[in-house]
Amino acid sequence: MKRIGVFTSGGDAPGMNAAIRAVVRTGIFHEAEVYGIYNGFSGMIENEIRQLQFSDVGNILQRGGTILGSARSNEFRTPEGRKKAYSNLASHGIEGLVVIGGDGSFTGAKILNDEFGVPFVGLPGTIDNDLYGTDATIGYDTALNTVVEAVDKIRDTASSHHRIFFVEVMGRNSGFIGLDAGVAVGAEMTLIPEEVTNLDDLVYYLKRIRGKKKSSIILVSEGDDEGGAIDIMNKVKPQLEGFDIRASVLGHMQRGGNPSAADRILASRLGVAATETLIKGGTNLAFGIIGNNVNIVGIEEAISNKEVIDREKLRVIEILSRC
Amino acid sequence: MKRIGVFTSGGDAPGMNAAIRAVVRTGIFHEAEVYGIYNGFSGMIENEIRQLQFSDVGNILQRGGTILGSARSNEFRTPEGRKKAYSNLASHGIEGLVVIGGDGSFTGAKILNDEFGVPFVGLPGTIDNDLYGTDATIGYDTALNTVVEAVDKIRDTASSHHRIFFVEVMGRNSGFIGLDAGVAVGAEMTLIPEEVTNLDDLVYYLKRIRGKKKSSIILVSEGDDEGGAIDIMNKVKPQLEGFDIRASVLGHMQRGGNPSAADRILASRLGVAATETLIKGGTNLAFGIIGNNVNIVGIEEAISNKEVIDREKLRVIEILSRC
Amino acid sequence: MKRIGVFTSGGDAPGMNAAIRAVVRTGIFHEAEVYGIYNGFSGMIENEIRQLQFSDVGNILQRGGTILGSARSNEFRTPEGRKKAYSNLASHGIEGLVVIGGDGSFTGAKILNDEFGVPFVGLPGTIDNDLYGTDATIGYDTALNTVVEAVDKIRDTASSHHRIFFVEVMGRNSGFIGLDAGVAVGAEMTLIPEEVTNLDDLVYYLKRIRGKKKSSIILVSEGDDEGGAIDIMNKVKPQLEGFDIRASVLGHMQRGGNPSAADRILASRLGVAATETLIKGGTNLAFGIIGNNVNIVGIEEAISNKEVIDREKLRVIEILSRC
Amino acid sequence: MKRIGVFTSGGDAPGMNAAIRAVVRTGIFHEAEVYGIYNGFSGMIENEIRQLQFSDVGNILQRGGTILGSARSNEFRTPEGRKKAYSNLASHGIEGLVVIGGDGSFTGAKILNDEFGVPFVGLPGTIDNDLYGTDATIGYDTALNTVVEAVDKIRDTASSHHRIFFVEVMGRNSGFIGLDAGVAVGAEMTLIPEEVTNLDDLVYYLKRIRGKKKSSIILVSEGDDEGGAIDIMNKVKPQLEGFDIRASVLGHMQRGGNPSAADRILASRLGVAATETLIKGGTNLAFGIIGNNVNIVGIEEAISNKEVIDREKLRVIEILSRC
């Protein structure tokens, strides 16, 4: 394989640039040309494609976001759109693709493979950590640290004013961020989509620990069945008279920032491994890390399974915050 | 003066602990005893008062929040409440007070002085920077850096997705944070309470720079006349079809965090100066920094004036973001 | 088991406080009393032992260092010393121990077990990451991020002045920090104890990339066979005339700082698991994480084996920095 | 003035990029063309000069280092070298210069003005803060925060092991960093070039506080008359038997890193003001901030005076750390 394309797709995640750098330089190392496809499937259709040299990916290892951009594409959902995408790839002589993104992005690449036979490999890039076949996704560790640093700050003011805070974190339908951040910040409770939220229990608990703790932090995953942090605060407030309660939605800052050491290493290792596999003829594979080792699963397996949270961590939170 | 009291009041701010440490240790250095009054005027009324030793304020210089706590007190607004507060102070033999807080806190201490003759000095502690007689308030620099780091992260994801972000920052009725952060993050525009917001201009501007900039960040001070970031986003959205627009409210994380170098130095210097002045017999004075020098103003002057923003900075933002 | 002791030993590491908190609260959760032994084996001999309550470990989850302290003890190497240590434990009714530290600390606890039958479990606490049976040790991730942030800063100034920097990192006899940081900062080369360093190759390489890269960062693990960063700089300087070369030894800042999210989670999970195992009667066990799951190995196995670096990462560095 | 040049010179400092951005965009705003001169006076001689557009300085506001580079130039010290520099400027039609740097850089620009009449204005860019006519130099606040964060980390491990640390900070012949960091980290003592260091006093003091403090941090400015941190540690060690003493030299990380909010604002404000002044015909002026207002001094005054440290801060350190 002498010419490969790389693109980022779906929500951006810190470490995507480190992955792009790894793909480009690994390609060049093996004497392949590497083309950057801008703005995901949308740019593939719009022919926003240009060759990337070694130095084009210099000084990006440590930057958040993605220099290739990312965008939604409704057109890619149509056969015409995909045809256009394929013919643009073909016109550049691109023989294989490295896609950096989540489930949806892998699925898009797979359809392209099904319909036009374009070989591809996938790197797990999402802050949500919900991908199968890897201990962590690229961007997850950074997002988690961003959340933890923000909640540490909120804890300062919560303790000064003896307040309860409902803090909403990202994760779409998954509770990874909420659960891990809950352990890491010493949250009094964490509400995640994987567990049915019982607001009566929450109220009971907050009343029970009142006065025993200087402050309480309740993390709320954005996908919780009772709603976001503001919704839940409003629902329980009437039963918590006399309490000083606030809500904060951390928002999009969770998607940015310089990638952590772990995310840079993960992105670099997987970028090298995936690109070498693609060049050697591998396709329809998703790359991840299990127990410090590179792990490869078939793309169908990756797409059809979901990473599951570790419920033991709920017990850890309970043990460590119960007083 | 052989016994002084110190308390924090109003919204907490990073650096308050550094100020408390400075007051306690300066008092001890001059052989006075120092009593901590917990939870502001509320704790003064509830007699939450205890002596602080040198080591009680060890290892707090670098911590956000306030170890003395802060709380609202409706009771202090009544003559009975204040009488109770005074008699608690008297029962502990406290002869003078150092209050760390904003306008309202200074006013409370002044009333106590008017009614009972308790000498006091004030240290400017608020993230809002709206106090007269000082280049900066304790906590402002830290809050500003927190905002800047958060918006830098948002910029990463905004640029990856070519989005417009409305980001709401604190500051109550003042635009200090919004204005300074606007310069520091390279905001495309900043909306502050001191200026009438013209949404048509905003829409016009966003359309004009479309495609010229990878992303746009519009900072919105919480006190803006057109509302918060979400309000304003909703107002302009109908006129910005085809744009990808988001809003983020940074929230209470702006109040916490380890104080910056500048805030620790400011708090330490003012804490020493104010405490020494109080011990020597000074009263009804507010302390600040002007041009690297300690600056002292009468409390009435401090309360009756408001620090004003520097409109030149609006021009700086315009020059540096206009393209 | 109704009364357990916990102590930290050897070099301190960020996350040790999170581990202490987890041990104390898990003990209390299971209705055991937990005693803190201060300053490691030294304090065990000096009887620096006192009970810890739930709130004694409040607000320490996010703090670097260890509230229990750590110290060397020559006396513990003598039978008399250990006898004293044991009789102090016995006098407090301590029936089992949780030791947080490295190889040497585990060995000390094992001797105590051999000689006096004191049950114990071990948590891997060291920034060096050289312990067997775990993907990572408590403190490693934080130290790695500290190194990466520092080297990112050095890169800024190195690139501005087109300099070569030799940057020395910790790790004692192990190259974990050097190797992982090398990937994460995009080092041009990393010199680790596990590989024989060839200075001629280094000189050749630096000459070859001259002018192609704005700056070069050569990481040097403190245990490298050719010496530290300053030694190596001095050795190669004569052969690199005309180059602007500097050295920096990052030093003890690598041991401190607020623990990262990953270290807090690791410490909390292992603290719960180890304490529950000890209470249930387990002993002579070392706890770790493999592939996101708690992993337990016999203490002999833990002590007699060494974690080995992943040489593939050397290849990753070479591929990604070669130009 | 229709064409101006901008360059950075001397040691790099965080915020230089923010200043470059401000100069370029202010020039363009006033319809002047702006040329970047790479690598200071060296690049002026080597004709490393090219026009900068609005977007060339996008996304650099928040980056450490200087995109224009900096380098020493011995050739500029010769009349021939300066003649070459001038003729390169003239060949590009550059009519005025903005120099970002310290004393030496200002002096270089002044000589060029003396000899060839090239108008110029100066922005104070150095982490040393030793320039006259400004409350702070560009880069100082960031460097100070870098030092404070590093020493906070060292404090963690120092306290865990009850150690004395000698920590060396930058500042060349000035004690600004040492003094301000001393206040900000709660150093037990700070040794600065402006004060004669008495090692006997130091030893006496360390013995006196032994056991009263968990750890001691002695900051050593690199320009201290008794030498650096390692020198001083070695000198006092024989008199401090039984103490556990370490030294750490923070090194070049102090020069890099993302600029703080204050540095970005300072650089942006001064960049706008200086460029507008130059374009309007001003020359031989140095720009600074005094008490939040832009302050302008003649270049001779700026060069011939030195900013002096505030000795009151030594007293603040003594009061706040004495126990």
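Note that the chains take the letters A, B, C and D in the order they are written out, and that residue 1 is the start of every chain.
In this text, contacts are C-beta pairs under 8 Å (C-beta built on N, C-alpha and C of every residue); 3 or more make two chains touch, one makes a residue touch a chain.
All figures in this text were calculated on a predicted structure; none of them were measured in a lab.
Ranking every chain by how far its Cα centroid lies from the centroid of subunit C, the top place goes to B. Measuring from the averaged C-alpha position of subunit C to that of subunit D gives a distance of 35 Å. We define each chain's centre as the mean of its Cα atoms; on that basis subunit B and subunit D are separated by 28 Å. Centre to centre, using the average C-alpha position, subunit A and subunit D are separated by 39 Å. Multi-chain contact residues, meaning those touching two or more other chains, occur in subunit C at positions 152, 159. Viewed as a contact network, the protein chains form a single closed ring in which every chain touches exactly two others. Pairwise, the chains that make contact are A-B, A-C, B-D, C-D. By the touch criterion stated above, subunit A contacts subunit C in their complex at residues 21-22, 25-26, 29, 54-55, 58-59, 61-62, 135, 141, 144-145, 147-148, 152, 159, 180-181, 183-186, 213-214, 258, 260-262, 264-265, 268-269, 272, 290-292, 310, 312-313, 315-316, 319-320, 322-323. Of all residues in subunit D, those touching subunit C in their complex are 8, 11-12, 14, 16, 39, 63-66, 69-71, 146, 150-162, 165, 246, 248-257.
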